[in-house]
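Consider the two complexes below, in which chain A is the common component and chain B and chain C are the respective partners.
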Partner chain A sequence: MITWYLVYRIIVDDIIFYPPIYQFLIIPGLIAALLVALFIIWFERKAAAFVQMRYGPREIAPRIGGAIQLVADLTRYALQEIIIPETVDVLPYILSPIIMIILALLPLEAVPLTSIRTYFPIPPDYSLLIAVALSTLSPLFVVLMSWASNNKFAVVGGIRESFIITAYELIAVLGFLSAAAMTQSFNIVNIVNIQMSGKWLGLLNPIALLAVFIAVLMSTSGFPFEIPDSESELVAGPYTEYTGLLYGLNMGGGYIKRWVFSILIALVFLGGWAPYKPVPGIITGYFIPSLIVSIKALIVMAIMSFLRSVYGRYRVDQALGIAWEILIPLTLAAFGLGLAEAYFGII
Partner chain B sequence: MPAKVALKRNPKKNPLGRVFVGNIGALAIGLKYFLDPNRITLLYPHEYIKLRQGYRGFIVLIQDKCISCSSCARICPARAMKMLSVKVFDKRLKKEMVKKFPVINYNRCIFCGYCVDVCPTEALYHVPYHDLVYMNMQDMILSLEDFQKEPENVSAKEGIPVRYVFDEKRGLVKIKQEEEKKEISQPVEQTKQQESTKQQTNNPEPKSVNKGGVNQ
Partner chain C sequence: MESSTSGSVVPHLPGMEVSELSKNTYEVYIGPAHPGSGHMRIIVEVDGDIMVRVDPDIGFVHRTMEKLAEGRDWIKNIPLFERMAILDACNITLPYVEAVEKLLGTEPPERARYLRTLLCEINRIASHLYGMGIFGVFLGHSTLYMWAFGDREVFIDLAEQMSGARLTHSYPVFGGVRRDIPDDFPEGARKATRYMRNRLNEYAKIFLNNPNIRSRLENVGVMSKNLATELGIVGPNLRASGVRYDVRLNEPYEAYGELEFEIPVFEEGDSLARAWARVEEIRQSLNIIDKVVDWLEKHPRENFMHEKFWKTAPKLYKDVYTGQIDYAGKYRVKLMPLFASLKVPPGKAFARVEAGRGEMVYYVESDGKDVPYRVRVVSPSFRNVIAFKYLMPGHRLMDLPAIYGSFDYFPPEWDR
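Entry: the complex of A and B
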């Protein structure tokens, strides 16, 4: 009996709730990201259908609004033959989608999801800086993917991706760091504790929130700015030569990147686990706060995917014009606003 | 009286107005449709459009009325109708004789309805449905016995009837026949929207909007 209890404790404490594994694989990592991607893709199609006077996915399970449709799509992607063309550079061609997804999930390792010391994956002193820095890695592999594909559509898509990334990572980084300017701290636990009183940084500095929101949409090729893989011009952008499961990984990759950024937005601007105060214990101290953060991030993602039904796609030059001419001055203004609020002691 | 032509003031002149009015207006319209969706897709096998009497669907012959004038075969622009010589027992003359009756070839028919219009004794009529599949080309050339039967209404077996109505506020609206009947039988307790649909559904005259023009 005691040995079974010990085994159970080891599995729960040291494997499932061991912070690096829990945050990378379970919530808000791989499994939660997969479920969220399934839900969000369904929601995106359904919301666009509602706005455009259609029904959306329906035929597979009419009673629950066709929610299983995406499981069917996923099965199809998983069972399809993976064709590797002769002209591609094989090793980077196969590895880059996988590395892209792993690197996209990496910022979750740097982010604390609770204020209790034993459940930090890494020491949280510079966690905001590290998370933002890690989030800029994965787009490099989209560019690598397009170059390895050796296809003109893929190359054009990769060039667009690099244009967009250079413009919008800057805005995202500056926007996130304006929170550091407001609180004089890179420690996400400090930032969340300051927001505990109801003064969310997103309410105090809405310009930074707006800039980060648009930058995240743009840098993860969210729908109104779906420029690198625009279907009507480039077949599928950097993913043109991919088939089967690798293509499915690429499609999910954008959603996973957006999910990680939404977690960051929820932590920094929307109060993290704010109304709830973590109490020591696995469930109350770690599971519930991470769940609250995930739900907030899910709402952010739902708003992002609702924009699909309202806006049309921008051209590359328009998007870059918005970035360099409007959003960067706006982000600098948000940074200044944050500094001013910190100086006058509003926070 | 024709509608007055009026210039709309453009609120998007200065850039600030463009940003706010444009984006927030678009989002508000999107949100309105998201919360109160008006879905007009016809879910075809589960629903079908109930067409009015007078729709030019399949053509059926009433043999007793036919006087073998062959006007229908002569007027047919696609030469789909042919006269067929058949031995029949004439009741008035009380003897066996050969008469000509029309048969139709749906490979050729364009459903113009001239044959029905020209028939002096109204021996031909249309049925108000037209969605039927023949498995091969030979089946589409009907024999005299088949031409007298109404073809089966397959979509009515599987689906429920639906009608499209133009509502003044919501645009094109899809309503089911059962709901329509309920609305007519309960004239009290209506919201404004139901009232406007009800006014239109109540007139049976051709003034009401749908005459089968809106198909898909």
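Entry: the complex of A and C
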């Protein structure tokens, strides 16, 4: 009995709930991201269908409203032949979608999802800085992928992507760091603890939240900024030459990026696990807080997805104009507002 | 192209065009198999993000309709010409019917003229809604796409009630129309126009006044009055550039001379004005439908086919029409037998109408046989496509769908 108990403890404590594995693979990592993609894509299609006066997906599992449509799509992607054109640069062509997905998930390793010391994946002192820095890695591989594809549409899409990266990254970084200015701390645990009293940073500094929200839309080519893979002139942008599972990875990559950013927004601006105070114990100290953060992030994502049914897409120069001429001054103002609030002790 | 760079002589074949690429530009082929091109190819040379040369390359869905028409009976050409733009079928075939009527010397009865006008306007709305839906999806606005295509169904249903077919109506035939409207049609038509007026306001809210869409369309693809007349642009695109030209107004045909309606004219000439021109035209078409339906209701059910053809009608047809048998029930109403062996007197005739996308022109020549000697078709899209070459250069690549969509260009219509 004791040995079985030990095996159970090892599996649960040291494998499933071992923070780096738990956060990278389970919640909010790969498995949760897949479930979230399943839900969000379904929600996106159903919400758009509601606005557009039609049914949306319902052929697969009509009783639950076509909720597992994505499973069917993924099966198709997985079983489809992967065609590698002769003109591509094979190694970067195959590797870049995979590396992109892994790097996109990496910021989740840096953020703490509870205030209990045992369950920190890394020491959280500079976790905000590290997470934001890690989030800037994966877009580079979209550019690499477009270059490796050696297709005109892909190259144009890659160039647009690189323009957009330079525009949104500064906004996202400054926006997130205005939270550090408000709390004088890069430690996400501190930032969440300050918000425990109900004073969410998103409420105290809505400008920063708005700027980050738009920057995330830009980075994940959500509407109205679906520019690098704008279908009506660039087919699928950087992903034009991809087929089968690799194309599926690319499509999933966008959603994973958006998910990771949403987790960061939930932690920094929306109070993290705020109404709930983690108590020692795996379930109460780790599972429940991480679930709360995930649900908040899911709501953020749902709002982002809904914009699809309201907006068309901006032209690339207009999007860059919005970023450089409006959002960056706005983010600086948010940073200043954060400093002022910290100085006058509002926080 | 390769041979020109290596210094050897470029072979010049008839019909072949060779152009050298300049050093810093990049040539993108949009189409013919491309989600944003339709059945055509646009060869775009971009310098950075700016288009410097745009070459609309057409002819991918050419079906030799003019030649096919020379081998078919007169009546069988109506369903053939409908295939140019099935979403605008009545407008597309009407000038052919009118031209042949001129040769035959038969005038359609008054009721037939009103019925043709009715279906023409229903078709115009359906065609504009189709164009707006495609425009929406070009700009990534899936909601307008779904709304427009959903609301188009209302008018397709009306057309189906009139003619029995959703798209390929073959409704106007020589000497009149194929059949009359059912008794409950006016009620349904009024309901549809009421519904559509409300919907147009919602379209304006979500699409035309949406700041995102406005910023994409305003001052994009500006076509001045001069350029528009020089290039010979027709239809709503011309009226969006401030030229008051509409065949319905300049040379009234069918019942348009007796109806009151406005021709919406916009001065700006940009993509937004072209989109608004369509919306306003839908509004006017709704008014016309209301007026025509009122007229049809007030006037008794007189004949809708010229006497010359009507007297050859089968008994069943006459019985159905005079109400001795239930109207649109289980019986198939056939065409007049005279059409099968119709011989048109020799001569030349020309007719034009204002189709959904602009002026539609037919020139028909007969040598007295049962097939036409020559049918020449000039379709509105053929006259509009040249604008791409002159409007697009200087704009960014992302403006290509914004200009393309605003012209409501329909390749199968040009590529007859």
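Criterion: the second predicted complex is superposed on the first by the 347 of 347 C-alpha atoms of A that agree within 3 Å, B and C clash if a C-alpha of one lies under 4 Å from a C-alpha of the other, contacts with A are read in each partner's own complex, and residues count from 1 in each chain.
We take it that a residue touches a chain if its C-beta (ideal position, glycine included) is under 8 Å from a C-beta of that chain, and two chains touch if they have at least 3 such contacts.
Keep in mind that what you see is a predicted model, and the values were worked out from it rather than measured.
Q: Both complexes share chain A, so when I overlay them there, do chain B and chain C fit or clash?
A: Clash.
Q: Looking at the overlay, does A:Y311 come into contact with chain B only (first), chain C only (second), both, or neither?
A: Both partners, chain B and chain C.
Q: Touching A:Y8 in the superposition: chain B (first), chain C (second), both, neither?
A: In the superposition, A:Y8 contacts neither chain B nor chain C.
Q: In the overlaid three-chain picture, which partner chain does A:M53 touch, first (chain B) or second (chain C), both, or neither?
A: both
Q: Quick check for you: in the superposed arrangement, does A:V235 touch first (chain B), second (chain C), both or neither?
A: second
Q: So, does A:E226 touch the first partner chain B, the second partner chain C, both, or neither?
A: In the superposition, A:E226 touches chain C alone.
Q: Chain B or chain C: which reaches more residues on chain A?
A: Of chain B and chain C, the partner in contact with more residues of chain A is C.
Q: When the two structures are overlaid on chain A, which partner does A:V156 contact: first (chain B), second (chain C), both, or neither?
A: After superposing on A, A:V156 lies in contact with chain C but is clear of chain B.
Q: Report, in rising order, the residues of chain A that make contact with chain B in one complex and with chain C in the other.
A: Residues 51, 53-54, 309-311 of chain A touch both chain B and chain C.
Q: Within the complex, which stretch of chain C touches chain A?
A: Interface residues on chain C, with respect to chain A: 26-30, 34-36, 46, 49, 136-143, 146-147, 150, 206, 210, 212-213, 215-216, 396-402.
Q: In the complex of these two chains, what residues of chain B are touching chain A?
A: Per the touch definition, chain B meets chain A at residues 26-27, 29-30, 33-34, 37-41, 43.
Q: Contact residues on chain A for chain C in the complex?
A: Touch residues, chain A against chain C: 48, 51-54, 152-153, 156, 223-224, 226-227, 230-233, 235, 308-318.
Q: Enumerate the contact residues on chain A facing chain B in the complex.
A: Touch residues, chain A against chain B: 47, 49-51, 53-55, 58, 306, 309-311.
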